[in-house]
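In this document, chain identifiers A, B, C, D and E correspond to the written order of the chains, with residue numbering beginning at 1 in each.
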Amino acid sequence: MPILEHLWIIPLLPLLGATVNGLFGRTWPNKIVNSVAIGATGLSFLAALEAVREFFLLSPEQIPWVRQYFSWIEAGNFRAGFDLQVDQLTVVMLLVVTGVGWLIHIYSTGYMAHEGGYYRFFAYLNLFMFFMLILVMAANYVLLFVGWEGVGLASYLLIGFYFLRKSAADAGKKAFIVNRIGDFGFMLGMFLLFRTFGTLDFFKHAGAGGALGLFDKAAPLSAEAMGHLGTLTVACLLLFMGAAGKSAQIPLYVWLPDAMEGPTPVSALIHAATMVTAGVYVVARSHVLFMHAPTAMLVVAVVGCATALFAATIGLVQTDIKKVLAYSTVSQLGYMFLACGVGAFSAGIFHLMTHAFFKALLFLAAGSVIHAMGGEQDMLHMGGLSKKIKWTYVTMFTGTLAIAGIPPLSGFFSKDSILLSAYQSENGGPNVGHILYAAGLFTALLTSFYMFRLIFLTFFGKERYDEHHVHVHESPKSMLVPLAILAVLSIVGGWLAAPAFWGKPDYFAKFLEPVFAAPGASEAGTAEAVVHALETPLAIVAVITALAGLLAAYWLYVKQPSKPDKLAKFFGGAYQTLLHKYYVDEFYNAAVVRPLMWLSTNVFWKAVDVSIIDGAVNGIAEGITVVGDGTRRTQSGNTRSYAVWVVVGAIVIVAVIFWPHVRPVLGVVR
Amino acid sequence: MTASLIIFFVLAALAVGGALSLIFQKHPIHSALSLIVVMVALAGLYLLLGAEFVAAVQIIVYGGAIMVLFVFVIMLLNAGIEEHTNFSKLAGFPGLLLAFALTGFIAATIARSTDTVQAAAQPGNMASTKDLSTMIFKDFVYPFELTSFLILVAVLGAIVLAQREKA
Amino acid sequence: MIPTNYYIVLSAILFGLGVLAFIFKRNIISIFMSIELMLNAVNLAFVAFSQAMHKLDGQVFVLFVIVVAAAEAAVGLAIIILTARNRQSLNVERVDLLKL
Amino acid sequence: MFPRTDDLLRALPELIWCGFGMLAMLLQPFVRSRHFFTILALVGAIGGTAAAFVAGATPGEGFYGLIQSDVFSFFFRLLVGLVAVLVVLAADSYLERENLPFAEFYALLLFATAGMGVLASARELLTAFIGLELSSISSYILAGFRRDSTKSSEASLKYFLLGSFATAFFLYGIALVYGATGTTNLSRMDDADPGSNLLKLGLSLILIGIGFKVAAAPFQIWTPDVYEGAPTPVTALFSAGPKAAAFALLLRIFASVPAATHFWFWAFWVLAALTMFAGNLGALLQTNVKRLLAYSSIAHAGYILVAFAAVTFMANDLNGGATPAYAAVLFYLLSYALVKIGAFTIVSEIGGWGEKNLTLDDYAGLAQRQPVAAAALSLYLLSLLGLPVTAGFFGKFYIFKAAVNSHLIWLAVLMAINSIIGAYYYLRVIVVMYMREGSAEAMAAPAVRFPVAVNVVLTVTAIGTVYFGLFPNQVLNFILQPNLIAR
Amino acid sequence: MGSLFQGGHLLSILIFFPAVGSLALLLLRSDDHVFIRRIALIVSVAEFLFSLLLLRGASFASGDYRLVEYGQWITSPPIHYHLGVDGISLFLVILTTFLTPISVIASWSSIGHRVKEFFVMLLMLEVGVIGVFLSLDLFLFFLFWEVMLIPMAMLIGIWGHERRIYAAVKFVLYTMAGSILMLVGIIWLYNATGTFDLPTIQQMIQTGTLVLEPRAEMLLFLAFFVAFAVKVPLFPLHTWLPDAHVEAPTAGSVMLAGVLLKMGTYGMIRFCLPLFPEAARRAAPWVAVLAIIGIIYGALVALVQPNLKKLVAYSSVSHLGFVVLGIFAFRTISMQGAVYQMLAHGISTGALFLLVGMLYDRRHTFEISDYGGLATPMPKLAAFFLVAALASMGLPMLNGFVGEYLVLLGTYQSHWAWASWAALGVILSACYLLWSYQRVFFGEVTREKNKTLADASAREKFILVTMSIVMLWMGIGSTYFTRRTAAASQAVIDLVEPQRPYEARVTRDSRSGGQPVVSWTNTLPVAQASSTAEGANR
């Protein structure tokens, strides 16, 4: 089994591509640069496919398939190895990452053809692929963290790709720093886990040489033993903090909308399809721990749900096409966390996958639109594009249908299973699940509305741009082909779960079952029956909701184009709040950034460092100098004074030597 | 009160008076004369103590040679009345106080001391000049010889320092 | 007879007056004279002690002190002459070029 | 009544120094050659130093207990002899530059050296007194040797007046000690009653006299003025010779009069603290390098006094507990003498005719004009600062060790603080030499070529400083003999 | 060749070879700059190669000292010429010998006047630093410790910038103020033990031959600690550092940040912990608090610095805080991390200073506001700067991560609160580095002068590539280093706090009520606990 033995080949290929392009690509023509980049990613994709093929030949005992290549860090009883693993979850992620990644690479050759820094772009993109693959293939938290930080770096570089623009550089920096805040939690989570279990290796069952991984140790524990606010709860919450940073959840979501400063393929790949879902992946990967921490699960669910709703509301009023998609991404990530939070990890991963397809599609299509518009991103300056860029329109519309949850497109299935799980959830109280469901459903309505609003504003109605300056043109094949493929995937991607509707197993969930098998798997049978009974009614409700959103958008933006403004005026306060994203950035700025800067500048630096500490140091020096000057002045040059000094000295000596005699005398004086 | 005590007090008063006069006289020549008074009084005290040779040397060397030298230099330099400057802040009242404190302390310590000091001084002629010379030339011959070098140095110094600049 | 400490106290007083004189005289020659006064006080103490203990070495010491005083006088007066020549003043307070 | 041969041998170094001094005086009217007198003085100085070996080879009391020849006096005679040799070499070019009479100068130098030798070997306070006067009176004259310089004569006058003043205290102290013990011979004072107030007072006054000589605060008050005003080679002599000799006398008193150590401990503690601060604080703002080094001498006297405090603390330990403290003093004096003479020699040469270039500004950019001189001066300053690989470091180290040994932690801490203050002004000189640019005309002026004699001085002192900074062993083992000082 | 060094004088050669080199330089004519530079380079490279022999010459599988040289030097007090190398000093020596030729190359054209003296000082500095790392006699250690001061002060004072004299003097006085107390401490220790020999004293403490009373031990600990803390520098003794760095020439900054600061932390590991374990334990909370303050405070102050070099200097305060924290957490892991962080910081901050120096060479300013948009005229320099900045902020796969991670991980095992506060530094380091990077390199070129700046020259590229490779290597192949430092670190920890199996503490930690951590008291099932122990010992 060559590839499974040499799993490192899969991530290494993109790294090679990145290195070659980064070091030598500067002088090469675009053709060679993109051949290298696409070749590296494509080969990686092929290798992943081969690995998956081989993976299916493994017996269940051999899964997870772990290969330890070399020790990366060793200290005391701590070891972090360069260990890669493959299990079902990895397989899904691997295919999504390499597949979608490859498509986006191809798309980029067209999209970036006229941009400067072509080699740089592809080097970064390949670098991203490398780290993302490390992330999903890592067999321990530390290596996962490598990928985790690495994708953050790639994201930073790519967001700031147009570094001449201050906003782009700012956005990159913001993304990195906000991610770091999450990583702070992630690291502490790792530390706590190591402190509790003495290892950070994953495993579960198939340990090498009888060694136990973290999950093997955690799995037998009962949730009760760990307590509702126990070690694992803390650990999980800390891990979730990291996940929230990477996957843009409340309160750390602020970087993602800004990240749209990067080139559109980057937004598609990193900020929609892959990197931002890493948080979901981590939570799913750590499901063993989360299962033992109901409180943490609840937090995940609530945060996810809240984020979904919150971001969706902001998405309602955005006019920048990429911003809408960005908030939509945040919202959809919230969905995934909601799924994880209610214990439906496979549903979460399922949505992750379908979202990767349709959101990548949407972004790429949006990129195509922007490309066509010559860089224009504001939807208010578009309109009526459906005839001019037909292919883009068709594919984008497909994506919108998928995300809105219109059957039988992929989004419908994944969203449906999430809502179903939420509805059933009883963690934290009997009604919590229903509340979550309701919120999720409302979010679905909003999603449907703002996505169709996007479509209608962009492709329908009057042209609102200056036709003399903007020459709308269809994108090249290299961009359209990936769009088409992704559109197909968006349609069929959900069909793996479709059989659930007619009583057959959900193949996707079944495939992941070995990974997510809960301790109480034996009860699955009865649960499934209940599930099935609920499935159809809930699906119908969901579809109706989606259609309602569609109709509302149609009515507002196609039928009554003047209405939105009136509405906006009518709900002035609310509208402004949404338009300004609830003023969260402003709040962070005022509550955290500025006080910190002020404190650092005026208190720590100027007051403490310069005035107090250095002031004390220089003050001592100054004081000594003053005393020294005083000492010097006793040297008046006058012999008579000198004689008095001698007398003074005589008295000092005599007084010291006769101290026992002198003391009582002085005592009397006192 | 015996006669010798009276003599002692008279001489002591003379010595202290001379010393005070040395301080209060404005003109150096008067100070010098006051010092001679002190020296003569001290010579008297030496006689009282029975140290005739020392008394003689006191008069001859101190009163005769050294003080003459002083007077000579005062005349040579044509020193007038002391200029009464007060540049030193320390040498005013603080100096006075400190000097008094020191003197008082020394005097008090000596007065209260229980050592040999308390014994009455022996009068009479325990010291013959012959014994003295024996001591100087036998026991203390080394410092004595060194003294000759000292005087040599003094001569040399006087020459080097006071010599007029060659043209 | 006269107790020795009378002599010693007298010598202490003379010594103290010498110190005072050193501090309060301005004329360099007078200051030098006050040193001689102090040396005389020392001599008195020596002779008194020597007498009290019936030992001669105290008197020998006195003789040496007198000789040294003579030598000092020679050098000292030479220095005074030199200073007077350089400064045209015998006031010790005006000799303050070197200071601080 | 001619003295016995052994007595003469035991006093041979002083006799030779005096003899050559006299010879120089006698030949002065007949020989006009400068070199003749330099060589004569050199021969005399070296001869006396060599004679120290002869004296050292015949240990014992001399002249009926007036002097003592032992390892201790041997060491100090070597030290003052070395100082004399170096000063002769350093003075040669100075005297020529300033057009001063050399025969007299060398004679006085040799007499002063003899006086120091007497001090180092004296076991009788009378001898010590004469030795003290011999060196002092010569010093007064040497200080005023530049007759036409107002500063020089002022230095001479101040030194003379205050020196005599202090000598009077010293003498009065001797008188009181005599009164208390009935003798002026140190070797007969070992049974002195420590409770005697007279003895206490006497020893206090003696301490004042010696304190003046070693420039302990507040008797240090004369030092900067005299050091600044005196001709620079003479300053070099002052900073090294008389100070060492006076310390020798102090040590001798310690060793011989156990009672003294009872009284003096706290006195030394206070003196040491005051002296260190007086020296270092005073030097802080100096811009005149010569005066700065004078203040530095005071500070170093303070450091040595720390060791003295340790000696007084340990002196009653008859098992040789005080030996390391003695050793600390001796080693320090040696390293200090080397460094100070080297430093003042450079100051003398840089000063030029009429001692014009003494301020820090004159030293700016010296490293580029005269790299060797700057390097040497830096070495000396670093040794004074107490940086490793210099003798000064070991000197300071041993003093620290002595202080800590005697549980004088606070004194050690004060010394540490003073080392830091001291570091500031030593570094300032180095900084000026290396890091500041000199004035344009100074940089344009041709480099001063040092005469051979001066180079010899610098070589000897620099090599000595480094050598004792790396291998203090020989000297130390020599000092650390149990019979270092005759009791 | 091999036999010569195998025989046992390799350490002496390492110490004195640069001294010989600088003497040779002294004898050269001072106006042939090229030749002087070449000789300096040859000497420093040869020294580097010699130091590599250490890796071949000895195995570091146990914590003992290797390649020991022992000889009488001074008989009273007994001071020995005692050298030895162990896992901790090994790489610090190599770091020193590595950074010296780098500094020589970096100074190739930027030092234009008094060239000979410059390289003499640089080599003398190397002598002092290597001596510090290899000395096993307290006295000898102190000697080298002080010797190193003067060349460094000269480097700052002669070849520095505007306020160089102030900075140089401040540097020396600060350090001396600390070290003079250490001298008193050393002597005190000698009085208690009668020896200056470090291994001997260590043994006496271990075997209980020497028992210091608590107060004395604490005072001694402080005497040593303050000296080291000044050097590190630990808050609040750090204010010499920004001045020294800003004023120093590039090579000076590189050596200062790269090696000299490590002398402080090295001293803590080598002396404070093994000699005064009890005092160290008692002081640990205070030290840790200072270290944490240093981490956060240094980072915050760095954040708002308008001066690029000062920013990097303050970042050192922050980074070294991690090292101190790791040392005083008394965990094997954190100690390993601290040692690693020392090396990593030497490389990455060294690289940052080199880069800042290169910017200075072009524009003669450190003010961030004078730059902006430099990525356009000089993309290569920008790329290298980014690599160095990322390494400095602890990005995995680069050198900074391993040390920081281990320190925090280890610290967390015993003191979760310390680690949690310290981990804030990880966030802040990203803030100040990225922000400054953005202001310097991103955006449009705002100043006319900056438009025509030349990108990295071949010489600069050589330096930067070398540094980058090392950073990458240290980030990936950390076990190459940690396997050699492990035994020695463990030995130190064993002296201070013999490690209990950590499980015993995991769940029985009953601190703080009411907080989420209250369930810390939960116990793992017994069977589970034993299996975790197995896992731990793997």
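Following the convention adopted for this analysis, a residue touches a chain if its C-beta (ideal position, glycine included) is under 8 Å from a C-beta of that chain, and two chains touch if they have at least 3 such contacts.
Predicted model, so just to flag it, every value in this text is computed and none were measured.
Asker: Which chains does subunit A share as contact partners with subunit D?
Answerer: Chains that touch both subunit A and subunit D, as defined above, are B, C, E.
Asker: Measuring centre to centre with C-alpha atoms, which chain is farthest from subunit D?
Answerer: A
Asker: Looking across all chain pairs, point out the one with the most C-beta pairs in contact.
Answerer: B-C
Asker: By CA centroids, point me to the most central chain in this structure.
Answerer: Of the chains present, the most centrally placed is E.
Asker: Using C-alpha centres only, name the chain that sits farthest from subunit B.
Answerer: Here the answer is chain A, farthest from subunit B.
Asker: From the C-alpha centre of subunit C to that of subunit E, how far is it in Å?
Answerer: The answer is 66 Å.
Asker: Where the CA atoms of subunit B average out and where those of subunit E average out, how many Å apart are those spots?
Answerer: The separation of the two C-alpha centroids amounts to 71 Å.
Asker: Subunit A to subunit B: how many Å between their CA centres?
Answerer: Their C-alpha centroids are separated by 101 Å.
Asker: Averaged over CA atoms, how far is the centre of subunit B from the centre of subunit C? Could you give it in whole Å?
Answerer: 6
Asker: Multi-chain contacts only, two chains or more: what residues does subunit B have there?
Answerer: Where subunit B meets two or more other chains at a single residue, that happens at 87-88, 91, 95, 99, 102, 106, 109-110, 113, 116-117, 139-140, 143, 147, 150, 153-154, 157, 160-161.
Asker: At which residue positions does subunit C touch at least two other chains?
Answerer: Answer for subunit C, listing residues that touch two or more other chains: 8, 15, 18-19, 22-24, 26, 31-32, 48-50, 52-53, 57, 60, 64, 68, 71-72, 75, 79-80, 82, 92-93, 95-99.
Asker: Residues of subunit A that touch two or more other chains: which are they?
Answerer: In subunit A, residues 621, 632, 635-641, 643-645, 647-648, 650, 654, 658 touch at least two other chains, as defined above.
Asker: So which chains end up touching which?
Answerer: So the chains that touch one another pair up as A-B, A-C, A-D, A-E, B-C, B-D, C-D, D-E.
Asker: With touch defined as at the start, can you tell me which subunit A residues reach subunit B in the complex?
Answerer: Touch residues, subunit A against subunit B: 636, 638, 640-641, 643-645, 647-648, 650-651, 654, 658.
Asker: Okay, in this complex, where on subunit A does subunit D touch?
Answerer: Touch residues, subunit A against subunit D: 621, 624-625, 627-632, 634-635, 637, 639, 641-643, 645-646, 648-650, 652-654, 656-659, 661.
Asker: In their shared complex, at which residues does subunit D touch subunit B?
Answerer: Those in contact with subunit B are residues 1, 3, 7, 11, 14, 18, 21-22, 25, 62-64, 66-67, 101, 104, 107-108, 111, 114, 118, 124, 126-127, 129-131, 133-134, 137-138, 140-141, 144-145, 147-148, 156, 176, 179-180, 182, 196-199, 201.
Asker: Which stretch or stretches of subunit C touch subunit B in the complex?
Answerer: 1-10, 12-21, 23-27, 29-30, 32-34, 36-37, 40, 43-44, 47-54, 56-57, 59-60, 62-64, 66-75, 77-82, 84, 89-91, 93-94, 96
Asker: Inside the complex, what are the residues of subunit A that reach subunit E?
Answerer: Against subunit E, the touching part of subunit A is residues 70-79, 142, 145-146, 149-150, 153, 156, 160, 163-166, 169-170, 172-173, 176-177, 180-181, 183-184, 187-188, 190-192, 194-199, 211-212, 217, 220-221, 225-227, 229-231, 233-234, 596-597, 599-601, 604-605, 608-609, 613-614, 617, 621.
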